[in-house]
Amino acid sequence: MIPAIAVALLQLVLFVLLSPLLIGVIRQVRARLEGRAGAGVWQPWRDVRKLVAKDPVRAADSSWMLAAGPVTLLVSSLLLCVLLPLVGTLPLPLVPSDLFVIVSIMLIGVVALALVGLDAGTAFGGMGSSRHMTVAALVEPTLLLAVYALSIPAGTSTLSLIVETRLQNPAVIISPVSLLAMVALAIAIMAETSRLPIDNPSTHLELTMLHEAMVLEASGRDLAWLELGSWLKLAALLGLLGNLILPWGVLTEFTVAGVLVGLAAVTAKILLLGALLSVGEVFLAKVRLFRVPELLAGSFALALLAVTASYLVA
Amino acid sequence: MFDTVYPQLIGLCTGALLLTSALLVWRHSLLASIRLLSVQGFALAALVAVIGLEEGEAEVIIVSVLVLLVKGMALPWVLAHETRATTRTDEAPRLNPTAGLLTVALLTILSYVVASRLLSGDTSISAHAAPIGLAMVLIGFLLLVTRRQAGSQLIGFLVLDNGIATVAFLTSGGVPLFLELGISLDVLLVVVILYVFAGRMRNKFGNTDIDQLRKLHD
Amino acid sequence: MTPVEAGMLGQVALLAAAVAAALLVPARWRSRVGGILCTLLAAAGVVTGVIALSGGQGSLTIPAALPMDPLVLSPDRLGGLVMVVVSAVGVLASLFGIGSARVASASRTAWASMAVFLFGMQLVPAATDVVSFLLLWEIMTLGSTALLLAHHATRGTVASALVWYSAMSQLSFFFVLAGFAVLAGATGDTGFAALATLDPASWQAGLAFVLLLLGFGGKAELVPLHVWVPRVLPEAPGHVAAAMSGAMVNIGVYGALLVCVRLLPNGPAWWGVLIMVLGGVSALYGILQASVASNLKVLLAYSTTENMGLVFLGLGASVLLRRDHATGAADAALLAALLLMVSHAAFKATLFLGAGAVARSTREMNLDRLGGLGGRMPWTAGAFGAAALGAAALPVTSGFVAEWMLLQALVHGSRVGGEVVSVTASVAMPLAVAVIALTAGLALLTFVKAYGIAFLARPRSEKAKQAREVPLIMRIPLVIGAILVIGLGLLPGPLAEALASAVGPAFTPDVRTIGLAGVDARGIDVVLDPATVVAIAALVLVPVLAAILVSARRHPTRVSPLPWAGGGSRLRPRMQYTATSYAEPLVRVFDDVLRPTRDVEVTHVGESRYLVERVHVEQSVSDVIETRFYRPVLGLAQRFGILARRAQNGSIHRYLSYSFVALLVVLIVVSL
Amino acid sequence: MSVKRLAGLIRRSGRIAEPAPPAPALFAGAEVFGGSVQVRFVNAGGCSDCAQEVASAFGPVYDVERYGVRLVASPRHADVLLITGAVTRNMIEPLRRTVDAIPTPRFVIAVGDCALTGGVFAEGYGIAGPVSDFVDVDLSVPGNPPAPALIVEALRRMTGR
């Protein structure tokens, strides 16, 4: 129990430190591919530090939600970092990394963000909130079905056990069920974290925004929590994806060396996936908003195929 | 060694077949479809090769090379060559992609149910994978039914053919060499003829929308 | 006399007192006296139910005048559970009614029929035979009809809603009656104990099952018998809607449980599939309609259809999985259905009461004209928010625990020990998971919309701007409801144990309390302890809060009079997103199902076609099932009626000749 | 553009950004930003030539982003407001509101002669006056239009990098 708590705490600290770095890497890789020099991988850190040191502004008509929503998003993302099997798969007592619990904790953050968007009382905020929730509603089936497909070899919906099963039996990873499910999961995660091709994180045109439109009214530390919360979510989900694709290096039994290897492994996986994501985004254009459901339906069909295929080629 | 990975390899190949079929329903662009069809040909060839290695029959390996050449390279090349010459390569199918993909998933479930009824006693790996062939046949039909352009209908036809071949290879451990040779050449011939016709029609009427061809018999 | 008997007698006495008070007390005091007596009546139901749930025995025998056995009321544990749930909602609704009932809602009929309605509802689960069940069922139905009639029978929309309601409830009653008649005919008795001896595989059982499922499904607002819901509930005042949508639907669920757990347990697999299909379709259709609805009460009404759909989905899965010998998963699915029923009662009652509070202070139910109520009605906003979390199945609410249990049961259901249990289950379970996931996602959107548009942002109309908080007596039930939603979510362990004992002794789900009142479903080997998750969240929150406090002291927040909103200087609240625009992307995605009608009218400036004076856009989504299924059927019925009228032209000779022909036919048939 | 062609283009063009000149002195009061400055850009009126120069300062050649400067979509996120052009009558109110929407500490940079004095448009119908008449300007970048390098230098004074 003590080692599990220690690992959970380590994950938390690591991800708080790592997630701005991940964004820094993503932006830096993109800058280099575009022929620019880039602001350096530590720039997101500087941004957050500066945002906390500013005096926030809020409109007279906005409610407590503008302050509480960002904190809720941040806490929900932090909980993801505690509960997901990232550094190690040691189960916490009473709170296993149950898929459904984790998805709903993530959804709390989604809802908090959507309410922040609505609370602003502006057209853009509402628009972003509406689109964000539509995407979230359509992503959820994919997310659950994809992990359902992955859970079949392990016989449980606990993510840490799924990762352990893949570690012990790597042949599972290249099985068609797993491949279909991973593709579906990857699309779902891109949608959930507002990346291309569903959303363009660096857009300035309000009418094309999903995620950005909701945070237009947030400033100072509120904005810092929103940004940090979103980054943490991206890092945690990429970490999960990394551990599902390449489970090696994950800590399964507590040793000091194992912890160090686990930390290094998950850092390497996340940064690598981040770099890949960035390269991929250079080659992608944002999909038209009304074709996004098509994409999500596609990923849903893949997830459903994955579950069906688990009966076909067991 | 090979025995342990054999089920995995079969699974991988059939999974690739299923995935490419699903993606074919998703994509509208004719060129992308042709590329996917080529990938599907490669997957089919790999499947045949895996079965051949497992059974240790040289004849089946030869068939796999043949499949690779015809379905993986020759047919896609012919199609791509013909398509590049045209201007309109986008398809506006009758079914929107969302509904199409959900239909694919349901067809796969259906083929699973049907196959599990038919092959209830058989627990071998290849029998387990056979429903995918059936699903491909159904998906091929779906493509034939929902596509408007003659070119993409041909692709549906080829998916159908691939599905039949998959079922045949998985359930009987391989079609005799001559038969496969004959079928492959037949298919090649049919495709070439159809494509040439399609090209002629396009030159004559400006497009190959099947719906509009109904006017011909008047 | 046992406590249960005393409780039931007390309810009879309180019913009499409440009806008498409603008729005799002058209008000034009627709401207070009637409301308190109704509250006491419901509270007596809660007490009786709790005793029965914990194993208390006792029966009330009513000697019938008809030549048949006396009617016996004796709730078992399952009946006790439903009685508790129904009466608890009754308590909240009655309390709320004290404050909210005005003018028409405080009439003699209104309070008398409220008492009758509550009484019938509370005692249906105590019935031990078909006759008393149907009798109490009719009391409940008539009570609710009279209650609706009392409110504003003068308005045209109410009249048409009432016609739908009466027709649909009589249709349900007919199905239930027919179903029980088939069962009674097959066993030769009307007592539930005797009916339970019938073999579930027999054709009579199958026929009775379908009829009863339709009847009970109708009461539980399932598709396609839900059409009365979006018409009736918006017309009813908040507390009546809460009692109908939070409590009465549970009687439908109780009926289904009665069939699947008590009377005909271990039914064949197709029963399970049928219930699952009915439930799944209801869940999806209900939430789709709810997510595009702009009227707050319509939204809540459709969301009831969704939740009941999920309850039936769980019930169906349990029947199917029990057939396939996946007992652990089957038990978990059954438990999930019960959990959903309980949590739905808590959050839906609170939501409808919240809507009632909003209606009272704004006289507006259209979300497009609400907004900014959070600051003006903080108590209502808080309670509605907590209940909305429950309805969206987010932690840590009871709705989340129920949906979690359901998903776990389905995921663990298709395989036992790595082996596929059956082809049916392996197809049904993934599809059910997909349906639930899509439903949950849409529910999330629906309740973000409901809460965010109504309570956040700026008021979209003058009425919303002048809203004030409701009086204390109405706030109390709201707060109790919110506490129930959160509390039941924090204590799933004891709750699940109580529910597991209720379905015994036929089934014995193996659940234990673990950790801080968490639940451990041993049959499928999963645990959930929401309180621990909350504790972890609190620990994580500590450093965040510390950072915020430090930052807030050094960098105070500045208030700017207007939102930035793109820099426009003529920024009006009407420029905000409305509920209709919020759901617009969804309407586009589900175009094929919802079939919206759009009407765009562009008025050009006289001189130029390029300058637009005004654009009027109207979009409405109608109930497809009503327009595509009932309208044609009704049209057919009307044509048939016209034909029948021709046969009935009032001529006495013609009627006599009909009788004569009928007599001849009977004689010929008998002689054959 | 196909993936192959895009990849080829990326490979051939390599790094476009020119080498960074030495950093100018930090603007007094900008220490609080610590090397991270978010910029909201407003064109208050004028002929858009200054706007073009601002755009190229953010382009790959001058690449002001490497010094920690980023354009943002909302003044709520911004630290620095970059204004070009003389203020037209319709822009007075939005300009004031934009400045008010920026959380403090904040700075305003006026870019180009039109923004500083009104330039050739000074007497024009519809022109209300130079930027400094309506909001406090902290830093000016003169020029007609100023070279991107000058705009970059002004922004670098804010980040100190």
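By written order: A, B, C and D. Residues from 1 in each chain.
Simple rule for what comes next: contacts are C-beta pairs under 8 Å (C-beta built on N, C-alpha and C of every residue); 3 or more make two chains touch, one makes a residue touch a chain.
Here is each chain with its UniProt name: B = Hydrogenase; C = Hydrogenase 4 subunit B; D = Oxidoreductase.
Here the structure is a predicted model, which is why all the values come from computation and not from measurement.
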{"item": "Most centrally placed chain - per-chain CA mean versus overall CA mean", "value": "A"}
{"item": "Leader among chain pairs (count of C-beta contacts)", "value": "A-C"}
{"item": "Approximate Å spacing (C-alpha centroids) for the pair chain A, chain B", "value": "36"}
{"item": "Gap in Å, rounded to a whole number, between the CA centres of chain D and chain A", "value": "33"}
{"item": "Cα-centroid distance, chain B relative to chain D, in whole angstrom", "value": "56"}
{"item": "In chain C, residues with contacts to at least two other chains", "value": "558, 560, 562, 564"}
{"item": "Touching two or more other chains - residues of chain D", "value": "74, 76, 101, 103-104"}
{"item": "Sequence positions of chain A contacting 2 or more other chains", "value": "53-57, 206, 216-217, 220, 293, 300, 304, 308, 311, 314"}
{"item": "All pairs of touching chains, each written as two labels joined by a dash", "value": "A-B, A-C, A-D, B-C, C-D"}
{"item": "Of all residues in chain C, those that touch chain B in their complex", "value": "423, 427, 431, 592"}
{"item": "Contact set on chain C toward chain D in their complex", "value": "558, 560, 562, 564, 567-569"}
{"item": "Sites on chain D touched by chain C in the complex", "value": "74-76, 93-94, 97-98, 100-101, 103-104"}
{"item": "Residue ranges of chain A in contact with chain B within the complex", "value": "171, 174-177, 179-180, 183, 293-294, 297-298, 300-302, 304-305, 308-309, 311-314"}
{"item": "Chain D partner contacts - residues on chain A that touch it in the complex", "value": "31-40, 43, 46-47, 49-50, 53-57, 203-204, 206, 209, 212, 215-220, 223, 282-283"}
